[in-house]
Amino acid sequence: MARSLGLDVDVVPGDWRHGADPDAAAERLSADTGRTYKAVCVVHNETSTGVTSRVGEIRAAMDAAGHPALLLVDTISSLGSIDYRHDEWGVDVTVAGSQKGLMLPPGLSFNAVSDKALAAAQDARLPKSYWDWQPILEANARGFYPYTPATNLLYGLREALRMLDEEGLPQVFARHQRHAEATRAAVRGWGLEVLCLDDREHSGSLTAVLLPDDHDADEVRRIVLERYDMSLGAGLSKLATKIFRIGHLGHFNDLTLAGTLAGVQMGLVLAGVPIKTQGVEAALERLQS
Amino acid sequence: MARSLGLDVDVVPGDWRHGADPDAAAERLSADTGRTYKAVCVVHNETSTGVTSRVGEIRAAMDAAGHPALLLVDTISSLGSIDYRHDEWGVDVTVAGSQKGLMLPPGLSFNAVSDKALAAAQDARLPKSYWDWQPILEANARGFYPYTPATNLLYGLREALRMLDEEGLPQVFARHQRHAEATRAAVRGWGLEVLCLDDREHSGSLTAVLLPDDHDADEVRRIVLERYDMSLGAGLSKLATKIFRIGHLGHFNDLTLAGTLAGVQMGLVLAGVPIKTQGVEAALERLQS
Amino acid sequence: MARSLGLDVDVVPGDWRHGADPDAAAERLSADTGRTYKAVCVVHNETSTGVTSRVGEIRAAMDAAGHPALLLVDTISSLGSIDYRHDEWGVDVTVAGSQKGLMLPPGLSFNAVSDKALAAAQDARLPKSYWDWQPILEANARGFYPYTPATNLLYGLREALRMLDEEGLPQVFARHQRHAEATRAAVRGWGLEVLCLDDREHSGSLTAVLLPDDHDADEVRRIVLERYDMSLGAGLSKLATKIFRIGHLGHFNDLTLAGTLAGVQMGLVLAGVPIKTQGVEAALERLQS
Amino acid sequence: MARSLGLDVDVVPGDWRHGADPDAAAERLSADTGRTYKAVCVVHNETSTGVTSRVGEIRAAMDAAGHPALLLVDTISSLGSIDYRHDEWGVDVTVAGSQKGLMLPPGLSFNAVSDKALAAAQDARLPKSYWDWQPILEANARGFYPYTPATNLLYGLREALRMLDEEGLPQVFARHQRHAEATRAAVRGWGLEVLCLDDREHSGSLTAVLLPDDHDADEVRRIVLERYDMSLGAGLSKLATKIFRIGHLGHFNDLTLAGTLAGVQMGLVLAGVPIKTQGVEAALERLQS
């Protein structure tokens, strides 16, 4: 039981290769007969690992336990790229940002908030001003903000939403899943391992690739950046130097993916990682099918 | 004694036509023998009234009282437009934003923080995460941010700082003072009253104009917007409909000011406010001298 | 009778303060019993003087003389700013550009061509390739160009035409006439003289201002550029140093005009030209009425 | 002997798979004892075929024949991408454009002109005004243009030249040659034929690919455009439907090329062209080596 922001936080440990475990949630919530948990917090798509948690099943576990905790979900790297159902899954607070699936520069953040969460916020004792929803809701209802918003990004947001609408959200989600599958085909083609181990939890936004033990993922990243002007994501914390991450979210198409995977493949070869150079080919086959 | 964010707040009332009163500060601080005040908060340039408080004199009052409170100053609408001395005036925390004197879109905010304030923050018991300086300072030292910053605005900031450097800060401040003086000349030329009553406290960023009792400033603003595509600031709270505000900050020159004042003058005439149409002329004379 | 491009050119001299003279045209055309004139060339709006020629009356003079010459008109600085009737006035070739009333960067030029002109071009013996209309017409009919066009400007053109349509061409023309009238009111207010002498021929796009004999217009221009960052047009050829020109075309509104005239007035004062400083005021009165 | 612009034009026929033949030039120039040829015109890099002519050898042939004709060279699709020597090769007029190797929108054209060509232009009898170098040279010497230039593109040109300088012209040329070689490796990997047959004449800017007789290159292009949002060049004139063209010029790197070739490979498969899907792999191997 850790503490953060003056709150007791009970972190359910994971192995970084699976999503949040609905069974573990069910177990803890059932055991919490005193209903001391105020909220269950889940990251929908974990950017550092490329694992997408099954939020709907977490919800089901909460319902089964009959637990009144709020469900809070971080969708920073999934909103607009991976199917997500705030209402259907009974999420109470969804947090999102502008800089991933919405294809904008960073600078906007979004909350979707349930009535239950709004009521809870009224009773909350944590002092807050900027983070207080009430003044924003009141001003928004009249088309305003209580503070100066990042105006220019709002124009960009309007255009981004038009683009997503034009393509259609189901098509956008399917496009990202297809690119994720082709990326995994490439990883298999190289004879490497995808970090995420559960087929139900592969991320549509990014894929983390595990290197053989004696190779340094940061060296691969350095070579790819220098030689091909492409920045791959680093492994964080306990995954540092062990993985690199391939992003395939937002405004992205088959040829961007092909160029991306080509850069990774050439970088792996140059870094001396023992791979089969059949990753790009495998991805192209997957894209064609 | 009000409360905000769980803190006792002692607001020194004002008449909205003068800045924060150094004497009032001196009096309260001297009376606070128990040293219960943790901080003195001042807005350097009050955007809603066009009054610039004499922060240096507030500092002197604090020093005279030998009071250990922190001095916190909001420079949102003055930084880069009106002379301001964080170090010289012994300010502990200066708050600023990108969207005024720095000539950028809204979306960045800045803190300048004294060692004393940093130490106080270490001991502070208000729970915080996003507002915690420590992780930002640590990451900044290595050229990073602990969170995703508004990257694009940082490029704009670099260019804005170059522009201010190229002109020279003393020249930038003098330019705004000159435009503020010409604006007040226009207001006198119209036979109207500037809201700010103390000559030491006129804002270089904006000027608030008081209308005769039976005229509605929002009607003037509506006409100017419709006819001349120019948006004037509204009176807020108890000044609503009584004043309008003329901004003259940031990237602004003599001819922009002339056009601005021409729009105000024509709008006043169209709104039926009984003015002398000699404001623009008076401003031009002031600019020429 | 001069020669240009291997052609005999008969220039009808003017005094630079009036437009092309329909009577002079009538006289020459009537006298040309051998029908040797192939074309009458007129500049609709003369950028160097601020005089708009009465093209419709030139057409009437040609018709009255029963002369078969083509009518060729340059509308570089009038199209989209001053009323112009290619079809109604029976113009054979109208030449225009992107960089004035169409509010775009320079880089596109336009021709409107009558059937008569197309037929004449077929018989013309002047060698041409880039200037040949036929390949362009054929390609344009299929949505193409025979050469690589300035693609980016075509996107800008689409937007510029939308803007003109949204405001309405009659409104756009009226706006420019109104600004031209206000500018002339300013010139009279200064006690100076407008170059154009015929009330039927004042340009809606720009106004040329004549200085007293012993003052140098280029000195006024230099001061206005240095002090106010505004570039006024120079007098050309025999008008050099005698006039300066105030542009008021394209994307331009009342406050831009007010700022422009303020800069001119202050520049005149600084240059020591003996003016009454009532020009801006006079213009504002005209704009309000 | 054809005629164009009133001039006799003697076109040396080619097979569209080789560059301009220096031997043929030598032969005709030697035979031209009357020195009737005024100029030899060569396209440096033929955009429609991907063949780069050996301009230096054409020059040598002219010198060997002691023929005084001018040498005029079109470098539209080579300048800034393929090594070219206006002075060293004694070219009299080089023609270039902004929209290829200079990485700008279309809208600027350039001439490099020898003293000999300038002298010839003085004596030329073809009527010209816009095409006359003299007024441009005179105005340029003072930093001006005789007409309104495409100002915005000049700013872009300054930046483009900085970019080329920063990378270094030899490096830029080598980069394009390397991409051209990798592209040809891909074509061989597919089991297809490069249109250009002479190893000395492969273009660094683009590669034309010949399809088997019974396949329609425009169908491949249509599929690639629809499925992969990539526009390939069409075969022109007698090559229509027989070839498509892959551009690899300007701002282009290894991963852009990889994406490009992936799109071509997948499009060929989808169009039912019988290829080996080893083109991309072959190109990546070539890029790595």
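Of note:
By letter and in written order, the chains are A, B, C and D; residue numbering begins at 1 in each of them.
The definition used in the following text is that a contact is a pair of C-beta atoms (placed from the backbone, for glycine too) under 8 Å apart; a residue touches a chain by one contact, two chains touch by 3 or more.
Small disclaimer: the values here were computed from a predicted structure and weren't measured.
Greatest centre-to-centre distance from chain D is found for B, with centres as Cα means. Averaged Cα coordinates give chain A a centre that lies 46 Å from the centre of chain D. Note on chain placement: the centre of chain B and the centre of chain D lie 59 Å apart, centres being C-alpha means.
In this assembly, the C-alpha centroid of chain C lies 40 Å from the C-alpha centroid of chain D. The multi-chain contact residues of chain C, meaning those touching 2 or more other chains, do not exist; every residue touches at most one other chain. If touching chains are joined by edges, the resulting network of the protein chains shown is one closed cycle, each chain touching exactly two neighbours.
Chain pairs that touch one another: A-B, A-D, B-C, C-D. Taken together, the chain C residues at the contact with chain D in this complex read 4-7, 97, 99, 105-107, 126-129, 148-153. Within the complex formed with chain D, the chain A residues making contact are 227-230, 253-256, 258-260, 262-263, 265-266, 269-270, 277-278, 280-281, 284-285, 287-288.
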